[in-house]
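Each structure below appears as structure tokens.
Both of the next two complexes hold subunit A, though its partner changes from subunit B to subunit C.
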Partner chain A sequence: MPVFHVVVCGGLVPDPLQTLEPVQGPAGWGLKNESMLPAILDPWAASALFEADSLARANPGSRVWLVSAAPKAKLQQVLMALAQKAAFELVAVDAQAGGFSDAAECASALAAAVNSIAGLDRSRLLLFGGWESASRGAGATLAILGEMLGISEQFQGVDQASPKPDGSLEILERVEGGRHQVSLLSAPPALLGWATGSLPEPPNNPQVGMLNMRSAMPALQKAAPSRLTGGGLALSSVELPSQRRDTRVVKDMPEDQVAREIVEWIAEK
Partner chain B sequence: MSQPSTATPSLPLLQTLPGDEIRQILWGFQDRFELQMLVQSARSVARGPVARLVAQGGRASHDWNKDKDALLKAFDESGVTAAFLDPAHGGLFEGPKHLALGLIAFELASVDGGAATASQAGNLGLAPIHEVGTPQQVERYMSLASPPKPGEARRPLRAAFALTEPLPFVGVETGLLCGKVRVAEWKEGGEPLLEIDKRGRFITNMDYAGIVTAAVDTDDRRVKSSCMVILEEGDPGLFDRGAATRKLVHQLSSTRDPNFRLKIPASRIVGGYTVKDGVIVPNYSHAEVIEAVFKRTRVTVGLMTSAKLLSAVEPVIRYQRQRFRGGATVQPGTPRHDLGIQMKEDALHRLVDVWAMGEAGASLGFATARLYDELDPLEKEKNRELARRGVQGARARMKEMAGVEARAAELVRAGKSAAPGGDPLLRFAALDSVANVVCPATKLWNTGQGANAMREAVSLMGGYGITEDCPGFLGHKWMDAQLEATYEGPEAVQRRQLSLTMAQPLFLEQFRQWIRDLKSLAARRPETGACGLGTAMQLWLWTLGHLQDSTDADGTRLFGPNRQGVTFPLADALCWLLASRQQILDLADLEARGAANPALAETLPSTLAFLTDLAQVQAARACGEAGRLCAELVLGYQRHPVWDAEACQACFSQAELDGLEPYAPGLDSVAYGYSDVLDRDGKPPSKRGPCPSTAGLPAFLRLRSRLDACLTGCRLAKDRAARALARVMIPEALDYPQ
Partner chain C sequence: METILLLVAAEEDGGLGKPALEAATAARELAARLEGAKLLAGIFGAQAGRAGAALAGAGFGEALLVEHESLARARFATDAAACQALVAASGASLVLAPATSRLQRVLAAVSARCRGAVDTHATALGAESGAVHATRWFYRQRMVGRVSRERRPWFLSLEPGVFAPHAASGDLVSRPVPAPLPESRTRVEGLRSPSSGAQTIRPDAPLLFVAGAGWCKKQADGLAHVSEAERLILGFLGKSGASLGGSKSVVDQKGEGGALSFLTHLNQVGQTGSTPRHAKGLATCCHGEEPHTVGWRFVSGRRAVNLDANCGWAQGKADVLYVADAFKVMARVNELLAG
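After this line comes the complex of A and B, so read on.
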């Protein structure tokens, strides 16, 4: 059975129920009250983490690391829920990274963190992350990180990675029209930018959490501060994608009627 | 000379609702990751399966069904069930677990009280065994109660606690036991077989409990006293789960009126027994067991109601702001669009009141839970120390501890620590005397006053508030709060306990110290309301002393077990003070510890300023309630004077004043201001009688009017808090369905 070393890269984003309002402060662009809002692991990266956990459990001897560049106190809060859902070793980079940071600069901080992982076997390395981020849909950071680490086998929009007994992996990437492109990776190292995958969010298990925290706390304590200066990036304007929330609470509506309304709505647009 | 300043420095307004980081500090678990995880775990069950079931109408029936049963599985899988147990029995962590259970109940009750009850009732059923069970009983039942490990196909054993009986037996009066224990068979040298006859009323978990801890009285001269026994499903005889209770509330918990006629071995007596002269002597009477159990589990119930109040804040703000949006004439960007009902001062002020009540209750409840976490190991240490001193038997232990308490009181009176050098006995005595007050206070005040405040919250939602569709299920929560005020001992039980424990000298010495501490805290943090609260505590203390030494107009003693009309309101007044005090103390903690957390640098100043305003609002309310109750008690038992000859003699007459006016101009108005004046025909003014003399009560009146003066500024604080409520950022939608 193959053994993988999966490194999952994921940042933090504000809880999606919060109102996100870009504001310009002394340190550049940010979201209003961002440091005060509850945060979660970027949902795309979270899919990657749950897939990594499942892959590692199915292939004994495999290991999972979570590399996260985020303010470490915020990260600690997020871990209280996240650490209960999957087993991983944490590598923390204490930095303010988000939708306004420069992707290359962030990738280089992550590359340094990945390179510092003791015991990481490059021949078993699967570098996981989100194919984009909920904080910004550019999808650049992971690709740049892969280049920096010299990983040329890159897959984006991944929904499935099935290992074969010989250590190769069949990988499904999203393409147009709800279809997937199927590739066969003969062997790691490779980079997989995950879409949603197919696993549900695992339930919380405090026992898993406490085990994780034994190693996560020291990792947080020794997290190296990394100041992302913006790498010369200047944003000339910032605006939220236009969106209108038209919320209606309806109970007990038959499926047919729901379908009819959706069809009407699409026809209107 | 420097002038006292009356200006309030302008402080930043609250930006976002207080998050987990703030709560962890306020409620004392910022260093305990296992608890932070449990909170997340319980929260995801509450806002996931529990909320979905409520939203789907799961509360429409009081019968147990598979959807409700699925919640038990969710509790098992998320660590909620195991949180009560020690790791040796499948639990999550070592040590006392009051704070942990309080936090879980808080999270679940933030969505649904019945779900919270369902998660805690098993703990209540096991609690007699946990508190006083023999090692064998603990080993057997705690292990069976642990949730299955992954891959293990086993349903955990669930427990019920059966004390309450059909009328006319056990309710508030727990001594009126109709449930009986008799010896069925006792073979020479063997273990006696007992016959149990017990009917229960309103017993939680009864749809699925595999064991029941039941209170029974002796009906056999071969059993010395009452006791609690463990009944197992499968014991020979009748194990009838009985009819379902037709509850109006907490429908996600199971409640039935069971009937048991079973034969069980004597080893099922909770805590064991000895045999003396052919008589079975239970090591613990049922009263001793329930005392040990309830003083712990009741705190959790109090927290459930406070959770409801705090959970109401976000949905109410959202409702208020969105109230007029969508109307043709209401344009985005106008105050009516953006603020909605929040344009109106009263709507904001009432929400400030609800929020302040929730904060105070949560502070009191969590502080009490932490106190029990501290007390539990101390109690064990105390018992070891007493054993080491050779003190044996309940009476000898009580006598020894009475001496310890007196010594601790002396030390506190002398301004010293109650436990110099950490002496465990002294320390235990000091903490226990406080716990015996704050536990019933939490149960009584958080639930009873919480239910009243919950009604206000419901009314802020208008008609929506009393529908099933109300976001945050506020209408359900209001009704649920009434059950929380009732089960595990209704308000009368808590007031009765407070009447005794609040008058204990060791508690009162510490209470005096608290007053001094609050006053000095007020010097550093004037805006908390601590100074006024200290004055209200002085007034309460004065009132207690006065009532203990006084009689009513008929010469009957005022303070005593048969004067609930005196002792109960005084207990109520104390609860207002205790809750407000803890709210202020928690703030001081937040300020100190929050400053050490760089992640809070941005949020701390505005959050602290807002919570300080809430504390002042709450302190003013507490001062008002305590002042009113104390005044009623001090003055209300005197007879109002009537217009008899003696009373009229003491009055001025108008004729007399007319004659004196040329010599003492203005005397007329002074006389009317200070006494009663008879008219020119010698007739008294048309009212009840002469105003009662307060000559004998100068100290009380001085304190009372100082207390009123202490309210200075409290409405400014309320205005500031209200302004913050109209500005604070809230999420776009509630994070659970409605």
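After this line comes the complex of A and C, so read on.
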């Protein structure tokens, strides 16, 4: 049975049900009331964490770390819910890493955190994360981090990673046209940027939560502060699109007429 | 003075895909706005030499090639090495690439190897007084910003569907570039379609048809009509050639029974799904909540059919909301399309 050391990298993002508005402050662009907005673990990174947890449980002896660069207080809030969903050891970096930060700069902060993990066996390393964040949406941070850590096998848009008894993994990556590219990775180390994966969100497990929090609280306390300064990214403007349409709400129209309107509309060039 | 390199992958048959040809147009247009800019193409693949012809007439000085059997299929280790060699040989200060799965997989890592900077998913490029800027979206298409950088080489990937594809004319000289390709622990086995077999995602279709969870819910008679929903939706896709999208709620139902069998997470549109580009979109039985509609950012004409006059589509998100039963409407639409 193979043993994996899975490091999951995931930032925090505002709950997608919130309304977001860009504002320019002395430190550059950010979101209005950013510190007040309820946050969640970046959704695709959350898929990665759930997949890591499942992989570790199926392969005894494996370990999972969650590396997150986020404001400490926010991370603590998010952990309250997240810690019940999957078992992990937290490595926290106290940093404000939102949508307007630079991917390479963020990757440097994460690299320092990964390099500080005691007991991490690089020959067993699977570096996980979301293939794109819900903030920058660049698909760059993880790849640059992989490069900094010297990981030569990288996969993006991963929906499945199935280990074989010999330690190899079959990996499915999203490609165009709703298909997957299937690859066989003979052995770790490797980087996997996850898309949705194939697991539902796990139910809450208070016991796992208690265990996680016991190690997470000291990790939060000793979170190294990291000041991200923008990494040379200049943003001359950020604005909300003028997105409100003048919706025509059609009530009480017979289905036949609705259908005719739709068919005509489809045919319009 | 900028040296612009367009970085593209040759298809297995030695052609170039539409996103690569669109990026060629973007590169040509940008070069035209920058005085004295040098424009080069870098092509990698098993048939890179043949692909150069598709870029003729776009103003490229020459095409640099890395051609090797092991580049027939997308794989990080070999693709990244090929791209790195092309960037190095070109001396590029700006590297443009289509944001396809293949280029997106390697671009950021190659930027790190070249000690450059990277921004991805650009939807427009511009230049003012010799300074290049790119437009990209933040927070899953919720806001749009204009970015620029001093650092070079600056790597930018370009969203497909924004620029007109280049139509080749004339010839383009090419030059092979040596690239040491590493051994890899990854063996690419091939492509796999979702188990349902139906090819429902059609990025080039003019119309996006979105199915929401309402298709699987109990209807006025107190029963769910999932097989009828499947028949209506597949019938419509067959007749209209539309691409199929789904809300998160409807694709998550997979495996719980009573789900639309041909939908997978790959169909999902929205916050944690895709943001496809289509001229028109028709949403059916979908509530139009914000985490869903952010995926509609690049769908121009929008209509929705929903029983609920107060659903999200009514709040300025659709051009037209038909308050009607989608089962009845789509049955009639299919009849009309059948002629």
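Following the convention adopted for this analysis, the second predicted complex is superposed on the first by the 238 of 269 C-alpha atoms of A that agree within 3 Å, B and C clash if a C-alpha of one lies under 4 Å from a C-alpha of the other, contacts with A are read in each partner's own complex, and residues count from 1 in each chain.
FYI, contacts are C-beta pairs under 8 Å (C-beta built on N, C-alpha and C of every residue); 3 or more make two chains touch, one makes a residue touch a chain.
In this text the structure is predicted, and so the values were computed from the model without any measurement.
S.K.: First (subunit B), second (subunit C), both or neither: which does A:Ala234 touch?
M.R.: The second partner, subunit C, only.
S.K.: Who touches more of subunit A, subunit B or subunit C?
M.R.: C
S.K.: Does subunit B (first) or subunit C (second) touch A:Lys32, or do both, or does neither?
M.R.: A:Lys32: touches subunit B, not subunit C.
S.K.: Between subunit B (first) and subunit C (second), which, if any, makes contact with A:Trp265: first, second, both or neither?
M.R.: second
S.K.: Examine A:Ala187 and indicate which partner it touches, taking first as subunit B and second as subunit C; both and neither are also allowed.
M.R.: second
S.K.: State whether A:Met217 touches subunit B only (first), subunit C only (second), both chains, or neither.
M.R.: It touches subunit B, and subunit C stays clear.
S.K.: Contacts for A:Gly150 in the overlay, against subunit B (first) and subunit C (second): which applies, first, second, both or neither?
M.R.: neither
S.K.: Is A:Pro206 contacted by the first partner subunit B, the second partner subunit C, both or neither?
M.R.: The first partner, subunit B, only.
S.K.: After lining up the shared chain so the two structures overlap, which partner does A:Gly119 touch, if you call subunit B first and subunit C second: first, second, both or neither?
M.R.: A:Gly119 contacts neither subunit B nor subunit C.
S.K.: When the two structures are overlaid on chain A, which partner does A:Leu17 contact: first (subunit B), second (subunit C), both, or neither?
M.R.: In the superposed model, A:Leu17 contacts both subunit B and subunit C.
S.K.: Need the overlap of the two footprints on subunit A, from subunit B and from subunit C, as residue ranges.
M.R.: 17, 19, 245, 247, 249
S.K.: Okay, in this complex, where on subunit B does subunit A touch?
M.R.: Interface residues on subunit B, with respect to subunit A: 15-16, 19-21, 33-34, 36-41, 44, 74, 77-79, 82-83, 92-93, 469, 597-600, 602-603, 729, 731-733, 735, 738.
S.K.: Show which residues of subunit A lie in contact with subunit C when the two form their complex.
M.R.: 13-14, 16-17, 19-22, 29, 31, 43-44, 99-100, 102-104, 107, 134-141, 143-144, 146-148, 152-157, 159, 170, 172-187, 190, 195-196, 200, 231-241, 243-253, 255-256, 258-263, 265-266
S.K.: Hey, which residues of subunit C end up touching subunit A in the complex?
M.R.: 73-77, 80, 100-102, 104-109, 111-113, 117-121, 133, 137-151, 182, 184-194, 199-203, 207, 240, 252, 264-268, 271-273, 280, 282, 289-291, 294, 297, 301-303, 305, 309, 313-325, 328-330, 332-333, 335-337
S.K.: List the residues on subunit A that touch subunit B in their complex, please.
M.R.: By the definition above, subunit A touches subunit B via 15, 17-19, 32-33, 35-38, 71, 73-74, 77, 80-81, 83-84, 203-207, 209-210, 213, 217, 245, 247, 249.
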